[in-house]
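Pasting the structures here.
Here come two complexes built around chain A, the first alongside chain B, the second alongside chain C.
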Partner chain A sequence: MKNKFRKWTPYFLLTPALLYYLFFWIRPVFNAFIGSMTDFDGSFSLRFFIEVFKEPMFSAAFRNSVLFALISVLLQFSIAFMMALLLNKKFKGVNLLLFIALIPMAVPPAAVAILWKTGFSTFGWLNNILITLHIIKTPILWMTAQGFNALLFLILIDTWTVLPSVMIILLAGLQNLNKEYEEAGLIFGATKWQVTKDIIMPILKPTIITAVILRMIAAIQVWMISVMMFGYGRVPFLVERIAYYTDVVPMLDESYKMSLTYSVIVTVIVMVSVVLYLQVSKKSKKEVEI
Partner chain B sequence: MNQKSLIAKTVFYLFIATMIIAILVPFFLFLSTSVYSEYEVYEFPRKFIPRTSFDLKIDWVDDKYDFSVFSREMDDYELLIQTDNLDKLRRFLKRNLSVQKTNEEINRDFSVSKNGEPLYLTYKKDLLYNYKTFFSITNKAGKAVANSVIAAGWTILISLSFGSLAGYAIARYKFKGREQLSLILLVVRMFPAVAVAIPMLVYLLKMNFDNTMIGLAIVYSVGNIALTAWITSSIFSGINVELEEASYVFGATKLQTFTKITLPLAVPGLIACSMYAFLAAWNDSITALILSNNNPTLSLVIYKAIGSSSAIQLSAAGAVILIMPALVFTFIIKNYINQMWGEVKL
Partner chain C sequence: MEFLELKNLTKIYQKDIVAIDNINLTIHDGEFLVLLGPSGCGKTTTMRMIAGLEEVTKGDIILEGKRINDLRPKDRGVSMIFQSYAIWPHMTVFENIAYALKLKKMDKAVIKEKVLEVAKKASIIDYINRYPTQLSGGQRQRVAVARAMAVEPKLFLMDEPLSNLDAKLRVSMRTDLKEVHNELGATSIFVTHDQAEAMSLADRIVVMNTGTIEQIGSPNDIYHDSRTMFVANFIGSPSTNFIDVEIIEKGGKYFAKNDAFIFELDSKFNEGISKYIGEIVVLGVRPENFALVSNDNEKLFDLDVILIEPQGSHSIVVGKLLGKQMKIVTSKVFDLNSKGNMKVKIDGNYFIFDKNSEKRIY
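Now for the complex of A and B:
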């Protein structure tokens, strides 16, 4: 009797969470998919997908989101990996450095945008530094950046913000790493670079993949710094379009359907990344075990 | 060899120095901006340390006060305004220099210059002027801080109660579907918030929960229940089962064991979970924009302030208020970051 009870205990404990997910995750998301594929009268129609794809802003938003994700992740990963390798050593003041490195991570996105706006505005501190150091004579109009330059701006700002968190994930991975592998490699005459490439990287692969995919998912959903720095439409992103249809266009049925359709597109892109992540991480796990 | 290690050391410390400068300089200059007066914002090029006071020169010319401020850049007094209107002077001092004086004080101090000699005096700047003004001109700011805290509170409550039960089950029991459950939790954590928030709007409208903090918390909790389950499961599996068994041996019931043994040991982890939940609610703006546009959270108010006001120093003051709790909590939970991102077991 007691055994039978015990068998059901875990399900009993899980029920609240599962019910919550049924009501507040599965049901709305399912309805979002249905909603994006139906017309106002409820009949099946791909009208809103066609309208989204036809929008001139869509291709720009799609391109920017993908470019932003690829460039920022690549940039952030390389710098963060270097930083993590460096900080994994024992040296005086490492804790203080870690403490400082955490600051940008703690700054909420809305504040990040304002922080950089105080820097990039015409009389902001960046021009002020450059003039004080006699690098420039007249202020540079950073905020008028267009196209790819503006995108690069946003990538740099994003990098400043998330670099520490990527670094900490990698550092955690490095600290769990058995030092003996590394030492063995060095004893057998490998250079530091070889040890990093052939020993540390493969063992760290699951951590690296985790860090990279998580960053990618966040990067695909970027919107706020773009709107706060440049306003709507200068550097459009997929989620920026959702914010646009919510914030600027009054909440009409039409704009609701548009934002719903955009959200479905974002979901599909993110979920494809997740599946990709699961596939690759399963593969890498097997490789490491061998 | 020695020279080589010296170069390596130099490169190493240069790298660290660059990193520290790249993080701290923007942060410090942003903090300075939040205490700048309007006058300092347009002083250019300016000193990086904000002023704490202004050196003033008052001349009584043609029955008017010639009001000048010492400009550190020009190394001379700069004439800013000519008037005999005390109200005008008071407003000018307040708006442009963040100096708060009453008409009587101004009259008493300035009238000394009427004897023909230029009057030199120093007025203290109100360093918190931008912070006070942010709350008085953005009429929703005070309410917004309360909203953010309430939304965070609900998120903590929902995530902890639903998530820790699931986490306990995952840690302590072997059951069918355990692997699949971990997978589901992972997918939920990675799920874009907008994809839940937009369709949820329809339900919240039906339940009259639109523009409420409970409505927001319901959406924030979706990802946070999974995260809480994740963290608590690793905490509960780290708590020695033998301790619980010992408690049974001494005749304690299951509930007593849980509340007296297991729960106290799990408290630090549960606090960490609460802080994550807090940060998720506190930092978000897109969900608040979609679901609670008319009753904004602080993050949303700051997002909107940048569009409406040109006064960057006021937005900066608002942003500093937004940063403070986030900064404190991030530093407290930094030891759990490992658990949050690392060790993704499938």
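Now for the complex of A and C:
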């Protein structure tokens, strides 16, 4: 009797957490899936998926989201890794540099957009500086950027914002690394670049995977800086569409269903990309083994 | 031409912390040299400067007649065994050993042959495809040795390579390391804080203390002819007993005197000791250079015994003389509870040190 009770004790103790997940986590997600796959009367229908796919904005949003995720993750990882390598060295002023590098972390995305918007407006501080320095004569019309240029613009602003958070994860990983691994590499004939490529990066892989996955998920879900900089619909993203349907046109009958459907699509895309990324990084390990 | 020379080598950290203070050292070809000292004495820093992992503040490192201060570690022809072994965890044993050879762009078949050869020598051939996490401490150590051998270096550097092993393995590994050294005929520099390890491995020992060299010599020199109180104290276990004595002269003979005894000094000291008459100096006697006697006429003093440490082949008698702890090594076997007084005399070599400079008086 006593034994049986003991066996169930852990489950009993976990019940509050399980209930929490059930009600506030699994239920709403499940409801969203069901909601996206039923018509207004509750019967099964893929009508809203078809409507979403037919929307001209969808293909633009999809393309922008994918491009944004690919370019921003690659760019942010490369720069953050270089910064982490630099800040991991011991030299005078490294703490001050770290402090400066972390400043963007303290600025929330909405404020970032406003900061850059005032900077990039026709008579903003950026043009002002450039004209004062005699680099340009007439103001550049940054905010009228179209298409890919506008996307690139957003990527740069996003990079400025999130670089510290990626960098800090990589730096934490680097600081845990036994310095003798690197030194052994240098002694046994590797250049600094070879040490980084053949020794530091493979050993740091778990940290790198964490950083990249976190960034990738956030990048696929980007929307706010686009809306804050350019407003709805200029540079559409998948999650921007969700916000559009719940925020801008909430009164339409279809709006709720459309945003549910977009949500489901984003969730699936995020999951597929993460699984794909993990597969690829696992494969690259096998190649090292020879 | 000497194999390796350190000339006025100095290392200063953060402008005013002197880690290495102007040391000069010559290492002969084929020699097994041990840098020995307590932690913080600069022995590891010296080795790291030779390896190229640490910048030289001042002075020269000359390897086979060539100044190598500014060469990158990889261009110095040295290999190193690290304290943590630094076996790369993402590579198998084979890849660990092969990495340096791959970087030299050697032929794949040649690499394979070479790796298998050194793996056989280090007896790790059975684990060649395992990852470091699947190996024990001793096996990892062997991988580190094999990796260092594979590159056929001019100079082996070993930074406390045995300190992470358990006591028994440490003793057997040090025999293996010495064998490897002899077999390859390479020159080795070995850093350790363990004097027993240093004694059993070294052709010559360099005893270091606070960034300077205290004494260089063969293990026997260092032990039987310690030049400073630091060396006499650091080398040997238990370490040398130090007794404060006053020097007095009587009829052309010199005596060491304190409240417990008066001891006639050997005539070989006559010249050096003459200027210390009336002064306090330090008498240093190694624990085995005391003898227990049964006869009151023979004894120098009575030792108030506190406890006995049996060591099997010998016993260590711990006692007190004038309030100071003394240790005596004797081949006699005692009952654990032996207490009371024992009659002791000095039987063998002893040192006399200047109390201020802590240097030997001859």
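Of note:
Please note the rule applied: the second predicted complex is superposed on the first by the 256 of 290 C-alpha atoms of A that agree within 3 Å, B and C clash if a C-alpha of one lies under 4 Å from a C-alpha of the other, contacts with A are read in each partner's own complex, and residues count from 1 in each chain.
The rule is short, and it goes like this: a residue touches a chain if its C-beta (ideal position, glycine included) is under 8 Å from a C-beta of that chain, and two chains touch if they have at least 3 such contacts.
If you're wondering where the values come from, they're calculated on a predicted model, not measured in any experiment.
Overlaying the two complexes via chain A leaves chain B and chain C side by side, clear of any clash.
With both structures placed on the common chain, the touch criterion links A:226 to neither chain B nor chain C.
By the document's definition of touching, of the two partners only chain B reaches A:266; chain C does not. Annotation for chain A, partner touching more residues between chain B and chain C: B. Judged by the touch definition given at the top, the superposed model places A:132 against chain B, while chain C stays out of reach.
In the superposition on chain A, contact of A:121 is made with chain B only, not with chain C. In the superposition on chain A, contact of A:207 is made with chain B only, not with chain C. By the touch criterion defined above, A:16 reaches chain B but does not reach chain C. In the overlay built on the shared chain, the residue A:172 is in contact with chain B alone; chain C does not reach it. Least inter-chain distance for chain B and chain C in the combined superposition, rounded to the nearest angstrom, is 6, based on C-alpha atoms.
When the two complexes are superposed on chain A, none of the residues of chain A touches both chain B and chain C. On chain C, the positions that touch chain A within their shared complex are 51-53, 72-74, 78-80, 82-84, 86, 88-92, 95, 99-100, 103-104, 147, 151.
Looking at the complex, you find that chain B touches chain A at residues 12, 15-16, 19-20, 22-24, 26-27, 29-30, 32-33, 41-42, 44-46, 48, 158, 161-163, 165-166, 168-170, 172-173, 175, 181, 183-184, 186-188, 190-203, 218-219, 221-222, 225, 229, 282-283, 285-286, 289-290, 293, 299-300, 302-303, 306-307, 312, 315-316, 318-320, 322-323, 326-327, 329-331, 334, 337-338, 341-342, 344, 346. Chain A makes touch with chain B in their complex at residues 6-7, 9-11, 13-14, 16-17, 20-21, 24-25, 28-29, 31-32, 35, 83, 86, 91, 97-111, 113-119, 121, 123-125, 127-128, 131-132, 139, 160, 164-165, 168-169, 172-173, 176, 206-207, 210-211, 214, 217, 220-221, 223-224, 227-228, 231, 239, 242-243, 246-247, 256, 259-260, 263-264, 266-267, 270-271, 274, 278, 281-282, 285. Here chain A touches chain C in the complex through residues 178, 180-181, 183-191, 194, 198-199, 202-203, 205, 288-290, going by the rule given at the top.
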